[in-house]
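Look at the two complexes coming up: subunit A is in both, with subunit B in one and subunit C in the other.
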Partner chain A sequence: MNIGKAAVLAAAIASLAIAVNASAQTIKVGVITTYSGPGAAQGDQLDKGFKLYLKLNADKLPAGVKVEPVFRDDTGANPDAARRLAQELIVRDKVQFLTGVVWTPNAAAIAPLTAEAKVPFVIANAAGVTIPLASPYVARVSFTLWQASYPLGQWAAKKFKRAYTVVSDFAPGHEAEEGFIKGFKEGGGQIIGSARVPMTATDFIPYMQRVKDAKPDVLFAFNPAGKQATAQMKAYADLGMQKTGIKYVGPGDITTDEELQNMGDAALGVLTVHHYSAAATRPANKAFVAAYKKEYGEKLNPGFMAVGAWDAMDLIFQLIRDQKGKIEPDKTMELVKKYKTANSPRGQIVIDPETRDVMQNEYLREVRKVGGALANVEIETVGTLIKDPWKVFNKKK
Partner chain B sequence: MQDFLSSLVSVAFHGLAYGMILYVISVGLSVTMGLMGFANLAHGVFAMAGGYVMLTAINSQGAPFPLAVAGAFVAVALGSMVLERLLYARLYTAGELEQVLFTIGLIFMAVAVARLIYGALPQPVHLPEYMKGQLRFLGRDFPTYRVFLILFSIAIAALLWFGVERTRWGAMVRAAVDNRAMAQSVGVNTTRLFTLTFSLGSGLAALGGALGADIIAIQPTYPFEHLVYFLIVVAVGGLGTLRGPFVAALLIGVADTACKYWIPELGAFFIFAATIGILLWRPGGLYGRAAT
Partner chain C sequence: MTHSGGYVADPRFRAIEWLPWLLALLCFFVAPSYLPLGSYVLTMIIFALSLDLVVGYAGIITLGHSAYFGAGAYIAGIFAARVSTEPLTGLAISTVGAGLLGLLTGVVILRTRGLALLMLTLAITSLCLEFANKATGWTGGADGLGGFAIQPILGLFKFDLFGKTAYLYCLVFLFASWWLVRRMVYSPFGASLTGIRENDVRMNAVGAPVYMRLVVSYTISAALAGLAGALLTQTTQYVGLKVLGFELSGELLVMLILGGIGRIYGAFVGPLVYLLAQDYLAKQFPEYWYFGIGMILVLVVMFVRGGILGIVDAGIAKWRGASA
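On to the complex of A and B.
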């Protein structure tokens, strides 16, 4: 062996050693969210939540451990693209965690992959009720539609007798509708009509006119957070339904903190049940909102999706700390089931060890003007550390 | 019974509002297809452009509503005149395939440009205060803006009818639709007539797009998403007439609203079924002339 060859060999061994060393120190986290298409505004919330957490908490990892996020754009509710991206992240980028995901169909497409590859997947938003059942490596910190809609139905039944429901015609809409109807009927209320509106609808007047003509006491609405919620609220105002004594209620998706200002005064008095409001006065939330505004501008309110991303990253950081940077998938999932924190911006949250779904408080809020701007003011806690009701009701199946 | 009558009024009213907007947008398409035999699939681009012009004028320039609507009409009518002279005129004698390919390409470009400038989301519509709220009439509330839409569109339809049936320009248009070669040989300047009529049709589309922005949201995919409705209006109504698209637009407006009102799960199914039925019964449309 001549000196040249020896040097090459030594260099190769050295670089191999560095590579091994580096992979032990840097933990790649695949983040799938939406940067383009009509859902870009929602994806942006996740993106901002993740980046804010990473920026402010880099020092909370064990010495020598670094988290490297790998961001990918799924372009909207597009399960094929999401699945392909997840596959690339797992196989090519060798990520040790997956997180993000705005859309339920996307998360449902990714979940089976995580079971095959044994990659822990922390869902930061997608709320479809059955997703965590699809893989033992899925945990969720966001919410389910049942979690807000079922207690809202129970609460509404105490105040109102006749309800009409108008929801977007896709899985979360159906879940919100079913949850509300079950809660409302159990409380002795009567459902006088239900409509499911296509997700592409921009004009809600015909649907809402039907509701107005049916004269219910309360209208339960669900739209995916964003412009559709505004359009439906606008139809409610244009038809003067408030004057005729029809109360507008729904899960917090219909008055998201980031979209609320676009809705204008039409939204005043709307009642929602949800786990997060930027206007909440808990110290952890005040600190979170202040940090968010400092980073992204005084006018921008964080919405529940930004909080979902924040908490997803907090869970991942906790898992990394617990294992001192050496991630083993099965041990990780055992640790997931022990996760609880009192310091989420939304209050205390716990991962339910049985379902790996989040347990959290649900608050009743009313849209009011606070300092000249619209805000979801929390007026009552309708449930403390609620488990997903759907999984409770359907346990025996 | 009372409830049923009341729901009939609801459907008729909102159907009328939607139908009238469809009419104002589509009538230009009917005329260009009837008059010039040009399959202009990009007609929705002009409607979208009208919507963007109006909303930009209101949202970022603070222009008053009537001025913004008039601006949309004028800007798009002039713009389309340029397009007609530069591009469309070259394809009048080309085959239908070339025309369709050209106009589809135009749609793609318009969609991309709109997305580049305005982003993918629907534009917010801020109506002036006097257009908000409801009008009380015969013991019922009607949204003010939609009442205005209906009255305004009826005025436009009446004006158009007068223009086509009672003026010299109208006589020339009718002559050119009936027999272009003969009209030309008796001294009608068909080239100029085409340009003017095309730009009027596009301007009307812009007017419809602007006024209807509250009903048909202004977003980059507009020309594709609603193309099928514009084509249905023209196909069901028949080419080159004013009455045909009017009746067809009302039919579609009312049928679509009724469907949303009573059976929302069905989506647009009913419209397509009705269109197929009508075209099987009368392939040339309700008021169409025999194919030449």
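On to the complex of A and C.
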């Protein structure tokens, strides 16, 4: 082969490569969630939310752009493994976005990495309040515990005098506790006791017995949703605490929609403040729930984590559309700060440009029977587009 | 369980013993995107070596070795978060700290044997785990300990995103650990450990200080485990409670059995095969990968009693027999 021919061939190959590149561009999205261990139920919610969104919205990308999710199992609250998975997704799979993450410790371990690698990281669940401060490439569409617990504390102080708190012993639990106590005390309430339960606990009877003996008017609880929410509700029922007049309240994690049917009638009358209920009657939510049930079965309700995953993917799709498939990390983070939608299943959400954390409505809900099944019925909107209160109180001056 | 390891009259290096190091260096150049996994594998090999020393050579059956791994990991983390982020000092302190813990616990638990010993090793891990879980001021509890950035090694080599520095850092310490363990098992001290494993009554009868030997080997093994833990902390710059979990001890034992117990290189092959299989399966089937791991274990236990190196040995013996 002479040089001329070789040059022509090389040019042909090069142009072919360019043509292929232009017509099919694949954007890899690293998804870290939990498929094994005691936290698999929560991870499953994220997985279902992501997959549903990807299935229904594949046509909403610019022509020739495809999103390829790369799923990884972090096996639970396992920060060093999660960090290594994220590192591998960045280095080996060359993902352009990271998302998922059920557990706060895992997200906290991943966050510093995103600053070094300049990979935008959209948190779909992990709620630890300080995570977005750890890296300018972190945004969060889920929630913080302060968002629900602080307004709940204020509201509860109007009805009750003496409260007991029982929370999971990790950062989100501590934040739920602090948020509620601050709101409750500001409203003139009194905290008569606080207990912290190990994250991996499955038996809540010892803690709940202590609450029962202390005879508060109201019990504020937080657990990381999933099976633990059911276990704690069962302990509340088994000890007959409802009959002794102790009202059970908390953020929506304690009556999470996907577990609610397993909790039984003990859950009736439980009051929660949260951003999402599967029973909400907004059109966007009705469509979401219908699509979810069609995909995964009539009996299955989506929980707030599935919604977090859905909205995380919606944000990523929006960012891809805005940049027509050419992702630049810094531009992406500027665009993140402009994200707002009225069509999330939970209503309107906005990313706060200052903190890259989500702003959303919080609803007061009561567990009632609707058509023979338990549901978190929204009875009042306690706040519209609430900013994370912790960041408001702790603003750097 | 049959052990093939033990005192070998000729401690000189055979050519094939340099092969793992060549392969490790080769990996550095040909598979740069696998280096984060590579560093983890190297760390686990150090940990497996330390376990092999007590289980494979000294015959101390333990399910609690993660106590020392976790101690090393947490000491390195706490040192970095509170005192200094200089890596080599942190590593030294963690190794010594874990060794001390090994000495203190070993003095007590090595007076027992068999099931009682097994229970005590489990108890020590549980105690350490609960301590780390409750001492949130120091360890961060269930949230883990992070937020420190380890300084460049000797002020020259920065821990990079691609894990190059971390890989070589782990490789250097693996080499040192291997050299130490190899020297030990080929020494008269190693021979006496093998003797204790096979028949401790007789070792007592010939006047060997059985208890002392066990305590010394246990302490050195704990220090090595601590070194591995500290390397994990420094390369991931985060420590979580799982490093103290009993699952980790179990998983490590499985890796060692897979590779071949009581033979130094079993500790190399086991973690490598196990972690690569895990990486591959978790990538292909993120939902069901544990099933694949389970299958591998069942097959190994059913068919490959001596571990992977056991098959290799049997193969070589057969080939030699056929050619002779």
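Keep in mind that, in the parts below, the second predicted complex is superposed on the first by the 375 of 397 C-alpha atoms of A that agree within 3 Å, B and C clash if a C-alpha of one lies under 4 Å from a C-alpha of the other, contacts with A are read in each partner's own complex, and residues count from 1 in each chain.
What we mean here is this: contacts are C-beta pairs under 8 Å (C-beta built on N, C-alpha and C of every residue); 3 or more make two chains touch, one makes a residue touch a chain.
As the structure is a computational prediction, the values presented were derived from the model and not from experiment.
Residue contacts after overlaying the shared chain place A:198 against subunit B and subunit C alike.
Judged by the touch definition given at the top, the superposed model places A:348 against neither subunit B nor subunit C.
In the overlay built on the shared chain, the residue A:73 is in contact with subunit C alone; subunit B does not reach it. Using the contact criterion defined above for the overlaid structures, shared-chain residue A:169 touches subunit B and also reaches subunit C. Contacts of A:57 after superposition: neither subunit B nor subunit C is touched.
When the shared chain is aligned, subunit C comes close enough to touch A:112, but subunit B does not. After overlaying the two complexes on the shared chain, residue contacts for A:26 are found with neither subunit B nor subunit C.
In the superposed pair of complexes, A:36 makes contact with subunit B and with subunit C alike. By the touch criterion defined above, A:91 lies against subunit C but remains apart from subunit B after alignment on the C-alpha atoms of chain A. According to the touch criterion, the shared surface of subunit A, contacted by subunit B in one complex and subunit C in the other, consists of residues 36, 169, 198. If you check the complex, the residues on subunit A that touch subunit B are 36-38, 40-41, 169, 195-198, 200, 202-203, 205-207, 209-210, 212-213, 227, 230-231, 237-240, 243-244, 262. Note for the complex: subunit A touches subunit C at residues 35-36, 47, 71-73, 77-81, 83-84, 87-88, 90-92, 104-105, 108-109, 112-113, 116-117, 128, 134, 169-171, 198-199. In the complex of the two chains, the subunit B residues touching subunit A come out as 3, 6-7, 10-11, 14, 18, 119-122, 124, 132-134, 141, 143, 145-146, 214-217, 219, 225, 256-257, 260-262, 264-265, 267. Considering their complex, residues 33-37, 40, 133, 136, 141-144, 146-147, 149, 161-163, 232-233, 236-243, 282-283, 286-287, 289-290 of subunit C touch subunit A.
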